[in-house]
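So that you can tell them apart, the chains are marked A, B, C and D in the order they are listed, and the count of residues begins at 1 in each.
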Amino acid sequence: MSSSFGKLFRVSTYGESHCPGVGVVVDGCLPGMSLTEPDIQCQLDRRRPGQSALSTDRQESDRVAIQSGTERGLTLGTPISLFVPNKDQRPGDYKSMADVPRPSHADFTYQSKYGIRASSGGGRASARETIGRVCAGAIAEKMLKTALGINIVAWVSQVGQIKAPETEGLNLTRAMVDTSMIRCPDTDTAKAMEALVLKAKEEKDSIGGVVSCVCTNVPAGLGEPVFDKLEALLAHAMLSIPATKGFEIGSGFAGAQMRGSVHNDPFVVKDGRLGTTTNFSGGIQGGISNGEPIMFRVAFKPPATIGLAQETVDFQGRQATLAAKGRHDPCVAARAVPIVESMAALVLADVMLQQQARLAGMALMNQTQL
Amino acid sequence: MSSSFGKLFRVSTYGESHCPGVGVVVDGCLPGMSLTEPDIQCQLDRRRPGQSALSTDRQESDRVAIQSGTERGLTLGTPISLFVPNKDQRPGDYKSMADVPRPSHADFTYQSKYGIRASSGGGRASARETIGRVCAGAIAEKMLKTALGINIVAWVSQVGQIKAPETEGLNLTRAMVDTSMIRCPDTDTAKAMEALVLKAKEEKDSIGGVVSCVCTNVPAGLGEPVFDKLEALLAHAMLSIPATKGFEIGSGFAGAQMRGSVHNDPFVVKDGRLGTTTNFSGGIQGGISNGEPIMFRVAFKPPATIGLAQETVDFQGRQATLAAKGRHDPCVAARAVPIVESMAALVLADVMLQQQARLAGMALMNQTQL
Amino acid sequence: MSSSFGKLFRVSTYGESHCPGVGVVVDGCLPGMSLTEPDIQCQLDRRRPGQSALSTDRQESDRVAIQSGTERGLTLGTPISLFVPNKDQRPGDYKSMADVPRPSHADFTYQSKYGIRASSGGGRASARETIGRVCAGAIAEKMLKTALGINIVAWVSQVGQIKAPETEGLNLTRAMVDTSMIRCPDTDTAKAMEALVLKAKEEKDSIGGVVSCVCTNVPAGLGEPVFDKLEALLAHAMLSIPATKGFEIGSGFAGAQMRGSVHNDPFVVKDGRLGTTTNFSGGIQGGISNGEPIMFRVAFKPPATIGLAQETVDFQGRQATLAAKGRHDPCVAARAVPIVESMAALVLADVMLQQQARLAGMALMNQTQL
Amino acid sequence: MSSSFGKLFRVSTYGESHCPGVGVVVDGCLPGMSLTEPDIQCQLDRRRPGQSALSTDRQESDRVAIQSGTERGLTLGTPISLFVPNKDQRPGDYKSMADVPRPSHADFTYQSKYGIRASSGGGRASARETIGRVCAGAIAEKMLKTALGINIVAWVSQVGQIKAPETEGLNLTRAMVDTSMIRCPDTDTAKAMEALVLKAKEEKDSIGGVVSCVCTNVPAGLGEPVFDKLEALLAHAMLSIPATKGFEIGSGFAGAQMRGSVHNDPFVVKDGRLGTTTNFSGGIQGGISNGEPIMFRVAFKPPATIGLAQETVDFQGRQATLAAKGRHDPCVAARAVPIVESMAALVLADVMLQQQARLAGMALMNQTQL
């Protein structure tokens, strides 16, 4: 019962992988913002499969249509409905899987939970569900950019055991990220990563990866303690993306190995405001943004659907061999980049609005109290 | 505006570190469950400081009182209010910090967000805020145990660079965990960890750690896709605990290095139900529990408040040296164990109730449709 | 930011009166329920204008399409997206109103709130917004009927000063209600009401009315005290329908004139359960259904858009005369009947699921505690 | 599971009538507002019983204590916990009622819903539950007054069949309302009402009443269409008060008898802004405040607990006679006045914050877009 996310900037997605289409309703966008389909399509294009040899061969020419909430290119402040028809469906590809739950996929758990499940593809567990997130995220991003100048850039920092050189990513742009198919801005690493992915693909196998993300120009004060700390909302958002296994903010798991005297971020004066010399905090302290770049990393497992034969059992417990015939991604990291950016934008848009309510209310109160 | 957590099992905490007390209101506990203070006090005792040489010397003899929601030792199904008075307050310890925001603490961000902050201690960012979580978690745990037989056990699996041998923890009990001060069930590792913590303490420094947690007897079907996937709720819950920097489920970040052919968990028949031979999924697939143990890890940074002198600036940007005089934990991992267990219980209680609504509704529908 | 309603059975509507279409996403429907378009279309047909001489002449042949959430005629337990294209748009009709906020309509308040508004029709304040409610309500009704046998029937009990004879409506069916255009089941009253509406129409005026509603077979125990008392949720639901001015449950405002000795509903044994001899409570006591029929009434004002010339001012404060040229309803009561039923169904579906969670949880607990 | 109310200004109440105490947690109050107990106690004193011969003889000297969320008399922006101990308990008074559900009270429905209930008093259905609402409402009122200058005044406009002369109440103050015990500002009517209540009391009976309320200085733009229309939230809030049976906004049920040409509120220029000459809309159009006074009425039934003997049945269905021995109110209207004001304040505080988020966000966007 939880296909919605957010409190003041609230999105509700719908759609299975093989029904008429997928979509999202965005409730809470500020009124008066210019918004037309191209604002959204650009991120959707980065998400779709078939962009390169690295992803599935499926060609999904996903086109988004705005169904409500704007007029003459401006948002009305009312719910924005976005719809993307499903095309290039080949339900036949999935027939052999009807009786055999795919290992590490959601067939078994959806059947356990609902007593029924979509007969082909992954239903709501399909990667197509993320289309709605990316559409909504593009709107959130435009709002954040216009209102506060916030930038969000994600990239692939690891594939298998190949890691990109450490970078804070402060000067990265999406154009730089997109120079390689694998979306790693370090050229040499990108080539090695791509070779690794292609090797996995040839071997009908799949491989995991890590996406890093940085959000700059985030003002201090965003995040709602104590249960909606900014890092908690980001963790929630990221772990709701299919195939994710972990989330780190700032120093992350490496921070568990450190001493406080090293890990603490001392304050200094920066551009007339208080900043920190290091950023092990990842831009968040006590659940609230501190004005430094927000930096986090998300781990993606190797896709569960592989062409290699797997020994498993069917729903009745009978031994079965499964070898997926559909067209599937050998590595989701590159296509996950815009999804991670979108989920970050959804979180930031929501906490921005909540903090704006406080700031505006405080301003009203101060007028009277002075 | 977000001191509440959960949807059907909803908790609301309140209280700063140095006000009359801290507490929690638990709304949504099932009626008719036996509940008295000792059910709660046991976990609260595991959380409080001053238990051993490893933690702060502050003696907080926190005693919980049930203020509402039960009668004759049974829950009424109405909100359960729990209150723990604040004692042993020494606001004086914090005076020197009034003008200097402690590095990597929440002084600066609370001030930025609210334009005001509690003058001593950490206010809502204080570790005392977690008292409410532990109290509420004890109630959730009792409900989960009674209704479904669910067990939740957490332990310290890493301090600094010292890691305990890998274990699934399936047979661990809290008694076994509590045999060492550091709450690591492996005796040799525990000793090494404790030595490391004491060394950090002597050096007026602090050190990070990792808490692992396993939840057993969780039935298949819990978790609410797509945004409230079970791992997403757990990540949210864990990253809302103070001082956390990362969350991993199942294979976690290591999964990013793996191939799908290895990472996939093949199905087999176990005890008459479908189970998996490996558990890289960590007990969750597609956001829904699959009946296998739920396994996750949480990274804690080294506590920010240390006795060592730190160079920083005050709120006005003037150079300042800070050396905390209060009594503070050199490592939070051991005391975080019951907090991690409690947050896991809050998540599971909530998704259990949501799935019970579905199962009961489906049963009603089937009676008619047959 | 609030185009959603409900907690476990949650609906989100979208769409302005003159955009591509209106729709609704229904999240939380039980899985495995048979559902196809005709289940929904029947109520939608009762809502649409142009059904009779009593309503607007606009012909809106609204056809609903299921976009997601079902397969082979069964619900999947995932979000059900429903879309109804907008047709027969005549934006030109509204041009003269662009600069003059229509008295007692939402032009002025939307402009004040959002700084922008849909240029024609009522935008989100249009009656077309209720299409999504009716579609979602039809699904809720089917679920309530299948799971619990609940029946919901509403009718027009008053138009202007003409009131239908008092009835509890226990044996009323929708077919009986629909025998008259005005949807009053008492034939003589219906004729008088219809004459009154036609007279108002001829005079380019409009007239108010009251819709009564009864819900039977509602089991005892539904409603969530203290803030989500069943009557509070119903009041919220009903007052969210455009043009409503009042809500009464059971004795209503007449109850304010009564003595307790008369108003109290004594208990008796009925069909092996405790029932009451009278029903001034309207089927709800302490915010919880008591097993008796739930009875309430909703007041509708005369539609604001009338053909008669009205003296008013434009947005700049200049004197203006307004005479609506569009095709508008002289009385909304008849078309409001399925909307009232739908909103009642949305409320009951939500509290049913919440109580099912409790009942199922209690059953699990009792197994262990015994 | 619903003892909470509000979205950004969120209150959670707890406490049964005969447990240690009742209380409320207020999450979302703006930081930096001066707040001490006297700000709250004044309204609490107006709510408590034993104020006059008209109410129960129970003396409840309810004293509120702030447990968290303020420091040095200023709000911190963190949850404010308020506690009021229960005193003067006489559980013995209720013993005879243990087996006999009181007609039109909540004994039967709570037992049906939860399978258990508080053994004496009304548990959560007791009037003492409203203490938390009044405490929270006092905080909301102070915030509304400070930030926007909003005034909220309620009064008793009807007792039994005695109605006060119609008034918009625009110049009423609480002091004027409190000049009579019955809280009707019209002296002659007040005397007649008081006589009627005393007569009912003497006859061991009870009587209903109506409370009217006006909110002035509410700016245009508050309320969140489409499901959280301002009148819908007010209706929800009012019908969640114990013993309420109806809600009317503006013209209310009388509006159902009117023609549009009369009912429409024409716009004029007032104090440099657009206002209306009449106010049948009750200050709200399309779910959004229009700047005119918000006017509504709430119907209260005669209290269910009366001294007169009532024929009914016990939980086992055996005939029983019930005559309440406790001390109970013969009419709740006078004491309901501060409760109605408080619930109105909770609604307005919440929608004010939501609109402030929008206004502040729009201001940020405009800076960039210009």
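One rule holds for everything that comes next: contacts are C-beta pairs under 8 Å (C-beta built on N, C-alpha and C of every residue); 3 or more make two chains touch, one makes a residue touch a chain.
Everything numeric here is computed off the predicted structure, so don't read it as measured data.
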Least step count from subunit B to subunit C, where 1 means the two chains touch: 1
From subunit C, the most remote chain by mean C-alpha position: B
Averaged-CA centre spacing for the pair subunit C and subunit A, given as whole angstrom: 38
Inter-chain centre distance, subunit A versus subunit B - centres from mean C-alpha coordinates, in Å: 25
Multi-partner residues of subunit B (at least 2 other chains): 1-4, 8, 13, 31-32, 77-78, 113-115, 124, 354, 358, 362
Complex contacts: residues of subunit D adjacent to subunit B: 1-4, 8-10, 12-16, 19-23, 25, 27-28, 31-32, 65, 67-69, 71-72, 74-81, 83, 113-119, 123-124
Residues of subunit D touching subunit A in the complex: 7-8, 30-34, 77, 143, 146-149, 225, 352-354, 356-362, 364-366, 368-369
Residue ranges of subunit D in contact with subunit C within the complex: 1-5, 13, 101, 103-106, 108-110, 112-115, 122, 124-125, 129, 158, 160-161, 200, 205-210, 220-229, 231-240, 242, 244-253, 255-261, 263-269, 274, 276, 280-282, 284-291, 299-306, 308, 310-313, 315, 317, 354-355, 358, 362
